[in-house]
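Multiple structures are listed underneath, in structure tokens.
In the two assemblies presented below, chain A is common to both, partnered first by chain B and then by chain C.
The block that comes next holds the complex of A and B.
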């Protein structure tokens, strides 16, 4: 009965081992799994010999994989099993023209023509500018007014369109329409020489360079059988945590700035720079571009850099502590953070929120603990203390993450030195294992990142699927705004701080 | 002569003063901050630019900045700057004055609504609501001052035969008034904790949201009007803070006055550095608190009269 195949994070499996079941069984299994509290990691389609295959990667405390052949239409799981499938099904409809029958909210995600010869699901011709034929949800009534924000914003943020239905100051509904930065990353990843995969992945979302880079490296390593030295793995882990630190600290500063509490905003802004500079020390780039390479790291971490990082952390830790104390003890700040933009545990679970936002709502899920990669199995896990699901919880979850990351880096630096070798420069094209599949997961600073790579008989990439945590969390922001003041939107938005380009791909 | 002199001096100094707030805030955040003369540069920059008008706006849109600036500047004609008799003064001028501000606000709101932008309408609604509430406090102050010194003109309050000062039993009441007025000052001039003048987030703005579509000289007028209004309120508070039984010449009075003004602006900067903004629904409570303070003072004067 239970056909799900259990897999490991970053394990290369033969595609013939993936259980391919009948559609009826497939949808029943997925439905059952998610109704029993499971989550969706990946759910995408790919073409194979003129037919379409749907592949699902699910997680409970283990990872499972399952696939089925699908024709033009299939019964919507969003309708039968819930919102965890919502965006995945819309994505498939957009990418391959597969219609989820009975989907309650079938709208485009990124506005591009599908790559099959099936008719467009959204009746778009793509001759108009984005969003084309997009029916916004509207509430009718005398006292309802509609506010449209973006895609061009006043601050230095990425483009996205927000449509509010308000009664006075109260938001009744928020609709988020993205796609302005769609670049066709997944298609491009399929066509480039394998040597360039890592460079492309590092640029999927600039603030998650290390995160997406790590997922890509682990996938290539699984498919080529490259072994990463322990020292190189340590450097990767340190870089991954530095990226987390820089972004979380930047977020806390931005949250503070949004409620017009300037001192922490200024201090955190500087401290964020310090962490970016540590990445610069490691790789020559403030976002860590060029550091991760399949098989290890691109640069040696010398004793000098190791010392610099250790010294800097010792210097910054009390500073971070002080500024966080300043932020979290200011009662005017707490008055703004508390009970603002609350996402209950129930809703967070239904939507399948991940990362900081999920933990802030009480979903204890951290890839570093559940499916550890690199050095994480040797390191202690994180447990969040605050889980009310409001802006305060999300800020607090970041703070706890920051302290945890500092601990992890210090633990790694305190280890006896065994050398941190750089990966051998690969001048040849990587030979990927043919007809294989690998799923990699990592806990990016926003949450669960996942790449899934399928190769064909020649060892070429048949499908490269990228999933940024923002893909799970954008609906969370929309829910957080229900019955909130519209003036609190920027604060809620900042507390989620989701990626537009990571979503738009 | 002295009245005209101090008025001219005030107009020259008005754009300098907001620089003090910026410097104070910079001090708290460990930054250097913009130069003190930044607002002069801003005005010059804006005046040299052209204005852009949306095709959907009418003459009302252009009228907004003009009227809000003139009314704010006119208010200073009635103000006893540095306790010198004002240029214009008559019994009841303070009521005219408050409505002059009201007129300026009306046209700012009308101009905002004229653009038909969702942000500006939202900003206008907030401004209209919150200024109604701060008006209650201001009229409370008028009632109180009328009871205390029998005058209904600004000149009468500070440059008349029996000026208000921190002498005698009145002092305690004036403390309440100073606090109440300072709260209204922050609200009326779109400062933290009610509004955030530096925010770029349209959805959270109050005053700024209403002027998003103005540009060039129009924006310069709005800015200048805002500086005048802020100066008016700051001067009101500063005048109340004069130490009692002090007979000063014109020069020393002017120096003392600007010293006090400096303190008020610095206090605004400090407030903005140590508090976050209020949640929008809490602003009404904040403004009513200022009214409660003033109302308490009024009750106290009544009790004095009964005795």
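The block that comes next holds the complex of A and C.
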């Protein structure tokens, strides 16, 4: 009965080995797996010889894969097994016109026409502007009012639309409607020349350049058999941790700014820049763009850069500790952080939250530990101490992550290493293994990133699926706002700091 | 209080003295390209073939900085025999054609419309519109507010309402889904107003060029006054472009 095939992170498998089961068995297995506490890593559709296939990648402490053929309609797993399937099912409806029958909240995700000849599930013609037919959830009553924010927000941030249903100051419900950043990334990844793959992935979400870039490189490496030298893998790992540091530190600064405590906001703002400049030292770009390439990295890490990074870390570690001490001991800050925007462990689990937001609610999951890539096998894991699910816990989870990242980089820099070579430039199309499948996962600074690539008989990319951790976590922000004062929205929002472009693709 | 003072002392004064004093970026930073015009065509064609942005015009021996992401791959071919990148981060341009270059750009300060300097020279308020990019452009604009760059000391600020703004600074390849919101924001800015395209996305679609889900080029929709190349532009590139274009230095 148990048909799930266990796979490894970044392993190339033949597509014919993916168990293809009957729809009944497929939905039953997925339902059971999730009801038994499992999580969904990927759940997407792709066309194959005029039929549609649904493929699921699931995780417990292992990774599993399973697929089935689907016609136009299928029984919604969101209805039968819960919210972990919600966005995946809506995505499939939007991308391929597949209807999850009985889905309780079937609305568009990104607002674009589907790529099949099936009718649009949302009855949109796309002659109107976003969001088309989109029935916002509304609460009726004399004392209820609605607040609409965006797509253009007050600051220099990405566009998205928020609808609050409020009773006085209290938010009863927040609906988050995205799609404004949709650029058609997945479709492009399937059709562009290979030389564009990496730069497209680096720019899915610029603050996760290294994360998405790694997922892409590891997938191509699995499909081509390219081997990454240990030294290059070390550079990748260092860059990945620098990306984490820059973002987490930026977030702590922003959180501080949101409660009007300006000194840490200014100091963290500057310290974040120092980490971006270290990425620039490695790659020539403050976000690490151009560093990664299939087979390794684009630039040698010379002794000089290694020394610069080591010195900077030594200089910054105490500064970070002091500014964090300033932030986390200020009573006015604690009064705002504590018990604000709480997401219980139960809700976090039901939604399948990942990364710092999941860990802050007590979900102990870190790809670096569960399914390690690059140099993480050789490095110690991290266990978060504070997990009440509130803004304070999400801030502390970041602080713990920061200290851990500093430790990891220092451990790697202290190694005796033979050299940190650059990989040769590839000037041709890759020869990808035909009829193959690879799933890659990495722990981005926001949480679990995953790419899945399927090739056809000719070795062309038949489907390239991308998942940013924000895909799991946006609903967490909506839940965090339940019964909160609306004035706490900026703070809650910052404590999640999710990606709009990573979601919108 | 004691902790606030101790941290303040530890942090010290960090604001850059640019543009009064020059500032140097590390050798690995890729700024204005320097093209070897004597290099042979075959080499230029090889570079053009591997460029993910199709930014290299091999016959003309030029690079379109409006398309280039400064990924640096072309500079690896035969050790930079066709092109090398300098550390010159002063890349802003008033005309789109100027960005198609063999290694020189017209001096921006002299190509600004003089009335801009008169109207906005002392105070410039910009509304930033994020339209479909990767958010790194936005991040490196935000950085201009940190103590190191401290843009406000030049009288330049980013404001929340387009009604309070003198112009818009657009990032991203303008996704179809942001087109209307962008045009409405522009319409809400009172005249006279300026339009700045920041990053290769807003100039040419950037890494997303060719997608059916984007407009790709801001100048199709609006008259662009200032182009700031990069992916994203280094904060110093933006700082230089804004100061040269708007300030009477």
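The criterion applied here is as follows: the second predicted complex is superposed on the first by the 505 of 505 C-alpha atoms of A that agree within 3 Å, B and C clash if a C-alpha of one lies under 4 Å from a C-alpha of the other, contacts with A are read in each partner's own complex, and residues count from 1 in each chain.
Methods note: a residue touches a chain if its C-beta (ideal position, glycine included) is under 8 Å from a C-beta of that chain, and two chains touch if they have at least 3 such contacts.
In this text, all values refer to a predicted model and were calculated from it rather than measured experimentally.
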Which of chain B and chain C A:154 touches, first, second, both or neither: both
When both partners are placed on the shared chain, which of chain B and chain C touches more of chain A: C
Contacts of A:280 with chain B and chain C, given as first, second, both or neither: second
Partner chain(s) touched by A:487 [first = chain B, second = chain C, both, neither]: first
Partner chain in contact with A:145 - chain B first, chain C second, else both or neither: first
Partner chain(s) touched by A:319 [first = chain B, second = chain C, both, neither]: second
Which superposed partner A:74 touches (first chain B, second chain C, both, neither): neither
Touched partner set for A:263, first chain B, second chain C, both or neither: both
Residues of chain A that lie at the interface with chain B and also at the interface with chain C: 154-155, 263, 266-267
Chain A to chain B touching residues, read off their complex: 145-149, 154-155, 169, 256, 258-263, 265-267, 330, 332-333, 335-336, 340, 485-491
Chain C - residues contacting chain A, complex: 3-4, 6-8, 10-11, 14, 25-26, 28-30, 46, 49-53, 69-73, 76-77, 85, 128-143, 145-148, 158, 160-161, 172-173, 175-181, 185, 206-208, 210-214, 231-232, 234
Residue numbers on chain B that touch chain A, as the complex places them: 25, 28-31, 118-119, 121-122, 192-193, 196, 198-204, 272-282
Residue ranges of chain A in contact with chain C within the complex: 110-112, 129-130, 151-152, 154-159, 179-185, 187-188, 192, 195-196, 198-200, 202-207, 209, 263-264, 266-267, 269-270, 272-273, 276, 280-287, 289-290, 298-299, 319, 322-323, 325-326, 329, 425, 427, 499-501, 504
